[in-house]
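Both of the next two complexes hold chain A, though its partner changes from chain B to chain C.
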Partner chain A sequence: MEGLWDFLRSLHDAYGINLVHFYDTFERGRLLRGMWTTVQLAATCVLLSVLIGIIGAWLQGSRFKILKAFVQGYIQFFRNTPPLVQMYFFYFALGPQMPRVENEFGIAQPILGSFAWAVISLSFFAGAFNIEIFRSGVEAVQKSTVEAAESLGFNRWQIYRYVVLPLAVRVCLPALNNNLVNLIKTTTQAYAIAVPETLYIASQIWSDRINVFEMMVTLLTFYLILVGIFVWLMTRLERSLRVPGFGQ
Partner chain B sequence: MSTPASNPILIQPVPAPAQGESGFLASAFTPRALGIALGMVACLALAGEAWAQLTVGGERPGILATLWKWTPLILLGPPREFGGFALNILVSFLAMAIGTVSGLALGLGLISKFAPVRSVSWAITQFFRNSPWLVLLFFVMLLTPFQMRIGGVTIPFPAWFKATIGLALPIMANIAEIVRGAVNSIPTGQWESAESLAFSRLQTLWRIILPQCVKRMIPPWMNWYAILTMATPLISIVGVNDAMTLTQDALASEQRTELLMPMYGMLLLFFFVYCYPIARWTIRLERKYAVRN
Partner chain C sequence: MTTAWTPDQPIVSIKDVHKSFGPIEVLKGVSLDVRKGEVICIIGPSGSGKSTLLRCINALVPINQGSIKVEGQEVHDPALDKLELRKKVGMVFQSYNLFPHKTALENVMMAPVHVLKRPKEEVEAQARRLIKKVRLEGKEDAYPGELSGGQQQRVAIARSLAMNPDIMLFDEVTAALDPETVKEVLVTIRELAEEGMTCVLVTHEMGFAREIGDHIYFTDRGIIVEHGPPATFFTSASDPRTRAFLSQIL
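Moving on to the complex of A and B:
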């Protein structure tokens, strides 16, 4: 490893390619922490938004009109407003209304930090899309399958949980994949409310070390790799879930 | 627009999957949904109003009066300057125009017969599709000059224009994918019959294939326009005087916490009112142009 850092240092001396965020221990440390924060943020949001999608799609099949209308309003509101403004709304408008707790130094601080608000706002944003995606999958499930389950004495939740959802997930995986990739890319917006994720740390480094171009390339490469890994995982999931006799 | 009736070489398209990325949303739109969403916003505003009644005395102007006072600024920007929500719309128009034209070229590169062109176009498309918008925006903002000298002429690049380019890049890549998808959805028979009538490849593409693609491309294209419009507040992060920046400025000058929810709520409402009809219209076109099977 030392050899590599020395090589990168020599690149700076000889050609002016400033990759200080790799060979400097401090910069590397904070960049890695930023990347880890991005991964945590992305993973939490992906899980929560999928959960919102599953529950929302179930609620949409509900008998209660008011419940359906509420889910519908939620979807339309979050789909048709900018995610950045949503995030500001959550963090700056709802955040101060929350109760405050004392931290270990005895100073009052909001109960939810910027990371938590980023998770909440991004999950609700992507969740609205996920409900639609899951619903499209639910609608693709054959009616006769549901009737067969009914005749076997499954109740509504059991039908959804054991029959409809497993089939629906397989149908809507490609669309879900698209939306979750989009969600991972949208985590950069947490920059706006100062979540120390990769973009935020990167902007700190490029301001301190004046290596905007090198930092940008690193940043873009990082996101390409992150999205690449996610897509690879999802493709594997898709393949392992494939039902013989469907698709090609 | 070529239709089978007016153009004899066109064969009735065989059933193909609809190209819309959000075709499944068709039944999601009901007038009631609009009502509910508007109701949610109104509730937020009322909650803020009630909160204000409880917490502050009567000396200050009410929430609604304050919102009304700032509305012209947030919609149109400061006097004698261009900004605010109008700038968001202008940026979205320009970025869409630039993105569409370059995306069409890139999309044609994706289906080129010449392998190097194809792979370069593929790499560009993948790069811009998979990078976060905000990172691309920073990329363009920080790494392009603020003005350029060509000969004796100095061409200025104001921040909002650079931001437009930054937003046009991901649009370009996604439009390219739409073009590729649409061209691939045209039955091979169209190409073959054109070939048998001695059309060159360029002629076939321009006069037979692309005219048929337009209909299929319109719904996803509009979908991307809505996504782009909802991404325009990002330009506030890189220091452009858009509606988001001005809302924050207004809040900073008012210094009243009870205004936070109504002000941000109002901004959300502006975007909702602009984007929701577009989304509904997209769904309608999608249904209309869907290939029946």
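Moving on to the complex of A and C:
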């Protein structure tokens, strides 16, 4: 490792390519922590937004008009307003309304930090799209298949859980994949409420070290790899869900 | 009020059932009784309400008027425990309707495991027996998309049987099959009937109805026009509509 760092350092001296965020222990440390924060943020939001999508699509099939109207209102709100404004709304408008708790030093602090608000706002944002995506899958499931499950004694939830959802997922996986990739990229927006994720840290490094170009290339490469890994995982999932003679 | 049902009473008792979809009355006062162990065949032209009648029996669709009792339990009762009803009544559809994401074996196991919460090993043993019974040994791990129509339909029959029903409803289960595979499915149904399973069959297979039916019902435009044991029904139908239908189809 040391050899690599020395090599990168020599690049700076010889050609002016400033990769200080790799070879400097401090910069490297905070950049890696930023990347780890991005991974955590992305993973949490992906899981929560998928959960919102699954539950929301179930509620849309509900017999209760009020529930359906509520879900519809939620979707309209989060689909038709800018995600950055949503995040500001959660952090700056809702945040201060929340109760405060004392931390270990006896200082009152908000019950939810900026990371939590970013998770909430991004999950709700992507969740709204996921509901629509899952619903399109649910609608593609044959009525007669549902009827067969009903005649076997499955109740409404069991039909959704064991028949409709597994079939719907297979239909809507490509669309879901798209939306989740978008979500991962949108996590950079947490920069705006000072979540120490990759973009936020990178901007700190390039202000301190004046290596904007190198940081930008590093950032883009990082997201390329992150999204690449995600897409690879989703492709594996898709393959493992493939059923002979169904779909395609 | 439900009085205790005893096997000497009709296992299914349908009285003056009316059913409308919107302004269209599909069933206009249908009555029929099925006794335990009996095989009832319902025949009639397309759109006469045969499928609707079957679906009313296991409460897939509500009725507007009249009464349907299964083992003494009123199906039309809003307080009906649908699960209890569906444990008693199995149904097989024209389009098989298997769960396409599950193998044949899993299709058979799903309801007993998830609905009845029976232990998996026990259910699997039963499911393997049932698959053998419908002559599909070796196809346990095949997905519906890998099976022929006749094979899928036999899996569907096994799937219904896994719930240990007292009554089986068959809705034109061979109508989507080619003549060769029709036979495989009919063999399976005949065996069931011979074992004493109560069966209600909607069918266009007149020869089969004649052979295994204890009683034949002819429906047209929402009413039962005529019924009788096969021997008399097929040879001396009295109503002109029945005769017209039979002459077309035989």
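Going forward, the second predicted complex is superposed on the first by the 246 of 248 C-alpha atoms of A that agree within 3 Å, B and C clash if a C-alpha of one lies under 4 Å from a C-alpha of the other, contacts with A are read in each partner's own complex, and residues count from 1 in each chain.
Everything below uses one rule, namely that contacts are C-beta pairs under 8 Å (C-beta built on N, C-alpha and C of every residue); 3 or more make two chains touch, one makes a residue touch a chain.
All of these numbers come straight from a predicted model, not from anything done at the bench.
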Legend entry - Of chain B and chain C, the chain that contacts the larger number of chain A residues: B
Inset, instruction - Based on the superposed arrangement, let me know which partner A:158 touches: chain B (first), chain C (second), both, or neither? - result: second
Inset, instruction - Examine A:67 and indicate which partner it touches, taking first as chain B and second as chain C; both and neither are also allowed. - result: neither
Inset, instruction - Using the superposition on chain A described above, determine whether A:51 touches chain B (first), chain C (second), both, or neither. - result: neither
Inset, instruction - Could you tell me if A:191 is touching chain B, chain C, both of them or neither one (first, second, both, neither)? - result: first
Inset, instruction - Answer with first, second, both or neither: which of chain B and chain C does A:167 touch in the superposed model? - result: second
Inset, instruction - Using the superposition on chain A described above, determine whether A:223 touches chain B (first), chain C (second), both, or neither. - result: first
Inset, instruction - Kindly classify A:210 by the partners it touches after superposition: chain B alone (first), chain C alone (second), both, or neither? - result: neither
Inset, instruction - Would you check which partner chain A:150 touches, where first means chain B only, second means chain C only, and both and neither mean what they say? - result: second
Inset, instruction - Under the touch definition given earlier, write down the residues of chain B that touch chain A in their complex. - result: 21-22, 24-25, 28-30, 32-37, 39-41, 127, 130-135, 138-139, 142-143, 226, 229-234, 236-237, 244, 248, 257, 260-261, 263-265, 267-268, 271-272, 275-276, 279
Inset, instruction - Would you pull the chain A residues touching chain C in the complex into a rising list? - result: 142, 144-145, 147-155, 158, 162-163, 166-167, 170, 241, 243-246
Legend entry - Parts of chain A lying in touch with chain B, wherever the complex brings them together: 69-70, 72-77, 79-86, 88-89, 92-94, 96-97, 132-133, 135-136, 139, 175, 178, 181, 185-189, 191-192, 199, 203, 206, 212-213, 216, 219-220, 223-224, 227-228
Legend entry - In the complex with chain A, residue positions of chain C that touch it: 58, 60, 82-83, 86-87, 89-91, 93, 95, 97-101, 110-111, 114-116, 143-146, 156, 159-160, 163
